[in-house]
Amino acid sequence: MSGTWQAARLVVERDLRLAFRNRGQLLHPLLFFAIVATLFPLALSPEPSRLRDVAPGVLWIGALLASLLAVEFLYREDAQDGTLEQFALSGRSLTWLLFAKTATHWLLSGLPLALMSPIAAYALAVPPAALPGIVAAVSIGTIALSLLGAVSAALTIGIRRGGALLSLLTLPLAVPLLIFGAQATARAIEGSDMAAPLYFLAAFAVLGVTLAPLAAAAAVRISLE
Amino acid sequence: MSGTWQAARLVVERDLRLAFRNRGQLLHPLLFFAIVATLFPLALSPEPSRLRDVAPGVLWIGALLASLLAVEFLYREDAQDGTLEQFALSGRSLTWLLFAKTATHWLLSGLPLALMSPIAAYALAVPPAALPGIVAAVSIGTIALSLLGAVSAALTIGIRRGGALLSLLTLPLAVPLLIFGAQATARAIEGSDMAAPLYFLAAFAVLGVTLAPLAAAAAVRISLE
Amino acid sequence: MDWTWFHRFGSPPHLYGLAGRLVPWFAWPAALAIAAGLYGGLVLAPPDYQQGDGFRIIYVHAPSAWLSLMAYTWMAVAAAIGLVWRMKVAHAMAASCAPIGAWFTVAALCTGMLWGKPMWGTYWVWDPRLTAELVLLFLYLGYLGLRSAIEDPQRADRASAVLAVVGVVNVPIVRYSVEWWNSIHQAPSVMKFGKPTISWPMLTPLLIMFVGFTLLFLALVLVRVRGEILRRERQARWVSEVIAA
Amino acid sequence: MSGFLSMGGYASSVWPAVALTFGIIAWNIVAARRSFAAARAEARRRIAAGDPS
Amino acid sequence: MLRGLSFDVEGGQYLEVTGSNGAGKTSLLRTIVGLVYAESGQVTWNGLGIHADARAYHAQLAWLGHESPLKADLTPAENLRFALGIRRRVAAAEIAGALTEVGADGFADRPVRTLSAGQRRRVALAGVMLAAVPLWVLDEPQTHLDSAGQGLVGRLIERQIAAGGIVVAAVHAPLPVPEAGTRRIGLSSK
Amino acid sequence: MLRGLSFDVEGGQYLEVTGSNGAGKTSLLRTIVGLVYAESGQVTWNGLGIHADARAYHAQLAWLGHESPLKADLTPAENLRFALGIRRRVAAAEIAGALTEVGADGFADRPVRTLSAGQRRRVALAGVMLAAVPLWVLDEPQTHLDSAGQGLVGRLIERQIAAGGIVVAAVHAPLPVPEAGTRRIGLSSK
């Protein structure tokens, strides 16, 4: 067990180091999110009242797409250069190794997205009082999204145009997250109680933490065959 | 010259054949578009009048993202397996070969998107009378988007996480298309005259046809260096 | 026409030396102009009859915005020259402009937002000029991102040059399309942007500020361009001579 | 003086704006010099190591 | 695809698999390490089917395929630290020693991205060596290597079998390994 | 990186470039075909710098790098039809003949995806042959090939130089090509 723990720690360290060696790339999901949040007012209307109405939808769809974009790279390089094969043949629990990878991934993509969401929300004319609630909702939501994405990304390893298939697999599964997330955000904007939708989001995250790494490990093994 | 023509024809034929050999993948941008169009009513509200209001924005952002998703694959395989290197060393005009590739790409992604847009629009409570105008606008807009994407995709060849960078490069350049596209759609929905925005879209498409293949060829040569 | 000046300018050791000599000639006047402009703007200029003292933000905001656009233009021109004539020095110039331009875009956005709060009651509205400036920031970030993603400096130069040239075509297009977009959707009434009626005592410090920021930009570019030249010329003999000296 | 500092009630906008701009100017000066110094140090290191590439 | 094949290998043996292009060498090796399932028949390790306790089996083997499993953005030393670290504790000195041994000390601190094809292969071989496991399965280990590199592969294999380990390798030209302890099987298409 | 290198090759000659791993063979070949620019010095063809009229120069050469440029979803025959087709008109019979010659007739109609490493290399060689150009530049052409494949590469080169063509190849082990008409240059690191 201590060996597994040590191995997982090394995986985290390695992924962090790789990320910081390409520091610029950490910004991409953030920028994507920012750009999508900019495009909406351009495509809809610059009026604050109308923007405020669509803000929950825009924020969650932006977060969903940005996190999808990011998760596409979760395994790609490891699969291409044979690292994933080595993980599977390392004699360690693949589930744990992948859990470590997914956790690092959320740290590097989901968390920054959550920290960025108040800025985007403000640009969509959301009142400042609603911002803390929005950060909470997006944080929990992205945990669930990362875990969900980890499974679909594992299923699409080695498929040539995996990215498109990945969206297709993930988006329908992400619908409940989107609904509760948008609901939580809408309530935050109205100033009403957001406990119920947050509770659902948290439930999905917990479910994800327990099941997703197992499913991802199984999917990776299948993909390598 | 007849040799160049013959070469371009073969490129088109090859890409069509590859596409039909992976028929399923032709559907991905379409499905992505469809999913984004469905997510909005879920995240916002199912009321027809509100949906109709956001329809132009949703349609164009959906089309933009779907076409971005598709253009990511324009060169990826050819770059990885060395085909692009062979193109550059073929003794033929790289500009023409890439123009042929981009045209085929639009045929396989932009055109289906345009044909699909009335369905998505209808789902967003757009009145049927507006649908032909929407098809026209999306057709022309996707031509310009494909050409624009062909340049940014060429710039990101061989970059490890090209996809994210690709979005970052393309989205700001696509702002005018988005604005005029959404405007044309809004006018189609209102039933007013949509000549002016369509005219702008067409101007961008023409500008793209003349300049984009040249820029793409320069970018490809640089990427191979 | 005699083109020797062009080739001389294009020679890396020449520009390296020239830039080094020119820096103080831009830097000190820049410091002087900015100090004078600031004093004139914050102290001497009378308050605006509508906005009171709030309008004084213009003395940092407008020059920053001006610099952000000027830097992009310079960058694109240098990039185009570099592409066409395969001129290392021009690429070095383009690469030097980008981070400066990006930072002053941030400055324009932030000071504009700080100005917006008292004037419009909110930090941000989707006004055409603001939106265009935001898109400009994305263009800069894309340029810097592309550059940092490519390992080989020669490749990075040429690829980002193509992007800069494509982008410069886009800046005015964005500007006018955004204007058109916002004039059709009715604009929120809080933000009638129109030019404040500006009097000479107000205008003079502003003009001095413009001069100061331009000189500052040139000084910054010249410092950076020397480093960029060294990065591109590291195997050349003149570098070892210059460095050893 | 306090009248000057209060900027006719706009102090909370004007001073942050000025400070921010000058912060960015200062940072640009530092960054430009650093970028040049780094390039020179790198060149010096290579020459000292006798590595021409 | 592969039929009528049956063999066993013992500690201290080197099994060289040869065969013309497409004979099935790669497929055989991937079956041995358990990346693909045999359609009929089975692979056993210490008398047990390898899929019975795959994790224990994998802890005993090192696999090197056609491609070298290296991260382009990390240096050779970092690559080995992370790749080996998930299997066992390795000291930095051990890694440095292995890199020297495969002739990779000259570029131990450059990103792998900048290495030539043969330089990468050498780093990958150091990884196999450092795994410190009894069974090595190598697919064309000498690809891209110069003649000194061929000798190196031979020496590494020799040392591994001298220590009682097992090496299975697919090759096109015989490796310079002493005849004693070497067994060869040739695959033929059809 | 490469310094002090100067040579010229004439019609009917085979130039074999050798050198240890990382000596710069790949870099040299990529410079020769014009994919990278020489930092100093230049490559000339018929007395003209190759970048002066790059397209005309490229119409005269065939390049095969470390990887075989094949589409995984097309069959070998289709691959050749499209790859060669952009250079010149090729008849189906010509392609079939070339595939037979490289021993690829057995799998001419299977997607390349299912071929082994050596089988792919053979198809790529058929492509070089069919280009029907005077200059071939090959980076380790015999990678992944069995011994029959090595002989095949030798024969192809021999035929090309007999017809007055030029072949430049980077290799680790000398190819079986007659001494007459062969020149060797060795690169050494540093």
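Read from first to last, the chains carry the letters A, B, C, D, E and F; within each, the first residue is number 1.
In this section, a contact is a pair of C-beta atoms (placed from the backbone, for glycine too) under 8 Å apart; a residue touches a chain by one contact, two chains touch by 3 or more.
Since the model is a prediction, treat every value here as computed from it, not as a measurement.
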Overlap of the chain C and chain F neighbour lists contains B
Between B-C and C-D, which chain pair is linked by more C-beta pairs in contact? C-D
What whole-Å value do you get for the distance between chain B and chain F if each is reduced to the mean of its CA atoms? 37
Taking each chain's centre as the mean of its CA atoms, how far is chain D from chain E in angstrom? 53
Could you tell me which residues belong to chain F and also touch two or more other chains? 37, 72
Mind pulling the chain B residues that touch 2 or more other chains? 22, 77, 160-161, 165, 168, 171-172, 175, 179, 225
Can you list the chain C residues in contact with two or more other chains? 135, 138, 141, 145, 149, 154, 178, 181, 235
So which chains end up touching which? A-B, A-C, A-E, B-C, B-F, C-D, E-F
In the complex, chain C touches chain D at residues 34, 38, 42-43, 47, 52-54, 56-57, 60-61, 64, 99-100, 103-104, 106-107, 110-111, 114-115, 117-118, 216, 220, 223-224, 226-228, 230-231, 234-235, 239-240, 243-244
If you look only at chain D, which of its residues touch chain C in the complex? 4, 7-10, 13-14, 16-18, 20-22, 24-25, 27-29, 31-33, 35-40, 42-44, 46-47, 52-53
Chain B residues within the chain F interface of the complex: 3, 6-7, 10-11, 13-14, 17-18, 21-22, 77, 81-83, 85-93, 97, 224-225
Which positions of chain F touch chain E when the two form their complex? 19-22, 26, 66, 107, 115-119, 121-122, 140, 143-149, 172-173
Can you tell me which positions in chain A touch chain B when the two form their complex? 22, 25, 28-29, 31-32, 35-36, 39-40, 42-44, 50, 53-54, 56-57, 60-61, 64-65, 69-70, 72-73, 77, 160-161, 163-165, 167-168, 171-172, 175, 178-179, 182
